[in-house]
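Next up: some structures, all given as structure tokens.
What follows is a pair of complexes built around chain A, which joins chain B in one and chain C in the other.
Coming up: the complex of A and B.
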């Protein structure tokens, strides 16, 4: 081990190319641990993507695996090819029995730079496997359909398996999926520990995307879902430490096969000073805000419907949707139409991207209507600023709201959400105590500095083979 | 020759093989000689109501994927989703939320498209009717959310009024108008509208009169209308159901 610890962050569809919650978390992790050298191992759909972040000085190397670039490679030794495919056939048998296979032998047989696709279609054993699986899964549609579905699902796996990971003392995958697989391959080839941090649950998020699209149906959909599940299971099997942001996700990881003793919850934190220093001022009227992008997953339409109900019960109420509106222009148009339809033009305001602190200073209620969330930082920010919240029962929200039914609602339930807002409006004295408790909780458990420091300790411990201290 | 009876051994053998999920897929498999006829018989005759618990999520998804769904099916799906969305399993709740989003999006798009068309030709009575219908159906889908339901009903009401203004008011417009008034709890107005039309002998109109009288709590009138309805032969399923209750039809 070199003097400075070298940690390889394995990233897919996020930092440093795309902005967002995970990317921002990675950027801050790197900045907060200047004593660690970071290597970025990114998995990208195309090459030469523009960086969305200025890389901190302690990023010492960046390798980019471009999935669309493949080298034509094949082994000359028939014996070697047969050995590889014997292993693959055995692996598939275990997949069928829903068992997570060990892939050490397979990876060790394949040198970096070897791209399995050509031997899969040219080697008799590989081709037979494709044909047999077609007969089993899809005998009633053309073989060509099955073949292209197989190719598109397996191509990226072959690319990741054939790529040489950069050297590091610790590998840290920021999701399962292809990043997780890259971590597993790196661990096997380099013999170094692998840490996994899941902000959401990759296989579940992909499953939702697949179910939403009309392009992938029937057995093809099942094939994609099975593969994403298997990639998660494989990553769980090989990771030395599996970190989730909150308890519910940890339980889901265990359900999918993550060994319980390797799992750990480390929540995301916020900049306490930035939000605790906000000076609250009571403004005339009653102000309800939602901080988030105007996209379907945030279910802004339910916020608008809730506003419609509240405005009837609390005539002086005003509503603010605070966040960028340009990510899904069609959805934004729908939302504006709904506001107009509900005759809320004078009450409902789309502010665009703003300094949220300005709003936290006067909001009476922070609302979250998302149909999916992991651990929403906006609630922590609101709590730290002294704003109570009403939210849908998603991700870590119930835990953050102390499972208090007064402030929780099922997704897409504007009536229950409105009742939550009304409760806050009607009970100012009770709310004082709750607001103080929420603030205390955030300061104590969700301090960003402490959270990143914990990662620093984990890197050191895992690299030394000592595990981690809870 | 003795006819061969169905052999359901196929289910025992087929654990590892191809298992169709729909009757259509099974039929295709039989044509391709990949499956025995039992596969189709099983799927083609297997009836499980969509709202029977435990819910069959795959089947719900398949029904939702269809494009030509009636409002009754949407209401049924919405009820199932409203139940599922309360699930403490967040994945199931999310599945339900996505399903409700899909229904909502379809109605929004339908309304948007009709409004666009109406923008080009504001006196098109067919578009006005379709818009009123879309808003009325949206109200039915949101019947447990009072403010939203009433907003949709008022929108529907405004489009029907426009049809009245244009004097293009036919039977189907009348039926929709009365249903909107009933939903808005404007029972006296609904009865006045029904009383003013010359559509005597139309069982649908008589049924609506009975419905309005029921809401006005004139139960003896409801009974009278029901008796009158028993004289008609071709009645809808809904009317027959009501008659069974009121007059043992």
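Coming up: the complex of A and C.
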């Protein structure tokens, strides 16, 4: 081990190219642990993407695996290829039995730089696997459709398996999927520990996306879902430590095969000082705000529908959508039209990107209408600032809201959300106690400094082979 | 080439002796244009214009034979790449680019042929009275024209005006014949060669004009062609080795046993050369049968199979594949029977041919051995075309390597042992072993052809 600890963060579709919750978390993790050298191992769909973050000084190396780039390679030795494919066939047999196989032998047989794109088709054993699965599972569909579906599901796996990971003392995958697989491959090849942090549940998120899209249908849908599940299971099997942000996700990880003794919950944290110092001042009227980007996943349209209901019951109410509007211009236009058709132009305000503290100082209710979340930091920020919240029942939200049905609503249910807001409006005394309790909880458990320090300790412990300290 | 087969089949279906002859003539031109021209040219000129050729007859025939042989030995391999390139352009409906490719490649070949010709004629000096300078210029011109005719042949199979093409060939031959007589009387041997070259030049120019009507060139373009050379290198190597294999025994025996024509590098070895040229003519009917019958049957099955690869279930693909394999087996069997029967008949007539056409001065034994060699050579050619269709270029290359290696190696053994009775056996053995190799590769690999085609698509 070198003098300074070298941690390789394995990232897929996030930092440092894409902004968002996970990226922001990674950026802060790197900044808060200046004593650690970080190596970024990113998995990108195309090369030469623009960086969305200025890399901190302790990022010492950045390696980008571009999935769209195909490298032709094939072993000359037929014997060697036979051995590799024997292993692959055995592995698939276990997959079929829904068992997670060990891939140590396979990875050790394949040198970095050897990609299976070609041999998986050209080698007879590989081809037979494709054909057998086609005949067994999809005999009535054109073989060509099956072949190209197989290829698109497997190519990225081959890219990851053939790629040489940078050297590090600890590998830290920030999701399962291809990043998780890259972590597994790195762990086997380099013999170093692997940590996994899942902000959401990768396979579940992908499954939702696949079920929503019209591009993938029928058996191809099942194929993709199976592969994502298997990638998650494989990552769980090989990780030395599996971290989730909240208890619900930890349980889901265990359900999918994560060994319970390796799982740990480390929630996201916020800058306590920044939000605890906000001075609250009551403004005339009743102010409801949603902090988030104007994008479909945040379901701003449900927020507007909720505003329509509330505005009838609480005539003095005002609504604020606080966040960037430029990410999905089409969706933003739809939202503006909805506001207009509900005649809410004087009540509903798109503020654009703002310093949220200004709004936390006077908001009476913080609203969250997302259809998907992991652990929304805005709720923590709101609680710390003294703002109560009404939210959809997604991710860690129920836990944050103490499973109190008064403040929780199913996704896309403006009536129930409006009822939650009305409850807060009608019960100011009750709310005082709840707000104080929420604030105390955030200060105690969600302090960003403590969270990142914990990661520092985990890196040290895992690298020394001592495990981690609770 | 399958396009021409369909067209000829259509003509044949009209019925009547006229259609039959039309098909035979057009087929002969397509499968062996310059080859027939060379042999018939030498035969007719030798018989009816010998006086015009002058006293240096060997210089005249040597020039024609060497131009023909070395056009294949040097440039034959490139024809395969060029055919593939042009076929792809025409398949993509980029006809103008196909015309440009012909123009560009013709210019390149002309340039190289002129250089090679200039170098070659440095070692040929016609004795006084033969008009050495005219001879040398005519030699270079003839070498260029023969090379260009090979290239134009690739296109004439695509143009359906077979009668027009046949007439152009015929007119060209008549011009050659008259040219030999006319210029031969004026300028002796040099003039005779000039006259012959003028006729060949007419064929080149008229065919080029005809082709340009259909595939109008719009410029000169080499980049893509060179890209093809890199991409299909085994196709190029196959072509080179196939032609080397075809000529290896002839060249080795000429050098070892032939007589040098004084004042030139020409080696004359009529004892072997004449039976070889005559025996090689027996390929022509087989090739015509191949393009009209065998190739069409296979092509239809291949097309169905390839279409099925994209549209059908795996079981249906397998069924279509085995239908295609059946068509290959059937085609090979039919070709073997057809060519075999033809070979047997000629084998039995060998003595008669010797007496009738050569006054008994003809090596019947060698002829018979070479006849069998031609049979295997023909089977090899058929197998190589199948391998090309399925894009197994590496296997075609290995088979050609065997053809060349065995023929060349065994020819050397014969030369070192000075065993004249063994003449022809190296060609026979090379053809036999190469055919067996190609057959093995074809029958083995075609069973997994769908896998290979998918693998190729992703490589």
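A few comments on the model shown:
Simple rule for what comes next: the second predicted complex is superposed on the first by the 470 of 470 C-alpha atoms of A that agree within 3 Å, B and C clash if a C-alpha of one lies under 4 Å from a C-alpha of the other, contacts with A are read in each partner's own complex, and residues count from 1 in each chain.
Definition applied: contacts are C-beta pairs under 8 Å (C-beta built on N, C-alpha and C of every residue); 3 or more make two chains touch, one makes a residue touch a chain.
This one's a predicted model, so the numbers in the text were calculated from it and none came from an experiment.
With chain A as the common reference, the superposed partners chain B and chain C fit together side by side.
Look at A:296: by the touch rule set out above, it reaches chain B but stays clear of chain C. When chain B and chain C are set side by side, the one touching more residues of chain A is B.
When both complexes are overlaid on chain A, the residue A:208 reaches chain B alone and has no touch with chain C.
In the superposition on chain A, A:118 makes contact with chain C only, while chain B stays out of contact range. Shared-chain residue A:4: touches no atom of chain B or chain C. When both complexes are overlaid on chain A, the residue A:437 reaches neither chain B nor chain C. In the superposition on chain A, A:140 contacts both chain B and chain C. Within the superposed three-chain model, A:334 lies in touch with chain B and out of touch with chain C [touch as defined at top].
Contacts of A:453 after superposition on the shared chain: neither chain B nor chain C is touched.
After superposing the two complexes on chain A, the angle subtended at the C-alpha centre of chain A by the centres of chain B and chain C comes to 90 degrees, rounded to the nearest 10.
Per the superposed model, the minimal spacing between any CA atom of chain B and any CA atom of chain C is 8 Å. Contacts of chain A with chain B, set against its contacts with chain C after fitting on chain A, overlap at residues 135, 139-140.
Of all the residues in chain A, the ones that touch chain C in their complex are 72, 117-118, 121-122, 124, 127, 131, 134-135, 139-144, 147, 151. Across the complex, chain B is touched by residues 96, 135-140, 204, 208, 211-212, 214, 218, 248, 296, 299, 301, 305, 308-309, 312, 334, 337-338, 341-342, 371-372, 393-395, 410-415 of chain A.
Taken in their complex, chain C has these residues touching chain A: 309-315, 317, 448, 451-452, 454-455, 458-459.
Across the complex, chain B meets chain A through its residues 16-18, 20-21, 25, 28-29, 32, 34, 61, 65, 85-86, 90-91, 93-94, 96-98, 100-101, 104, 108, 112, 144-148, 151, 155.
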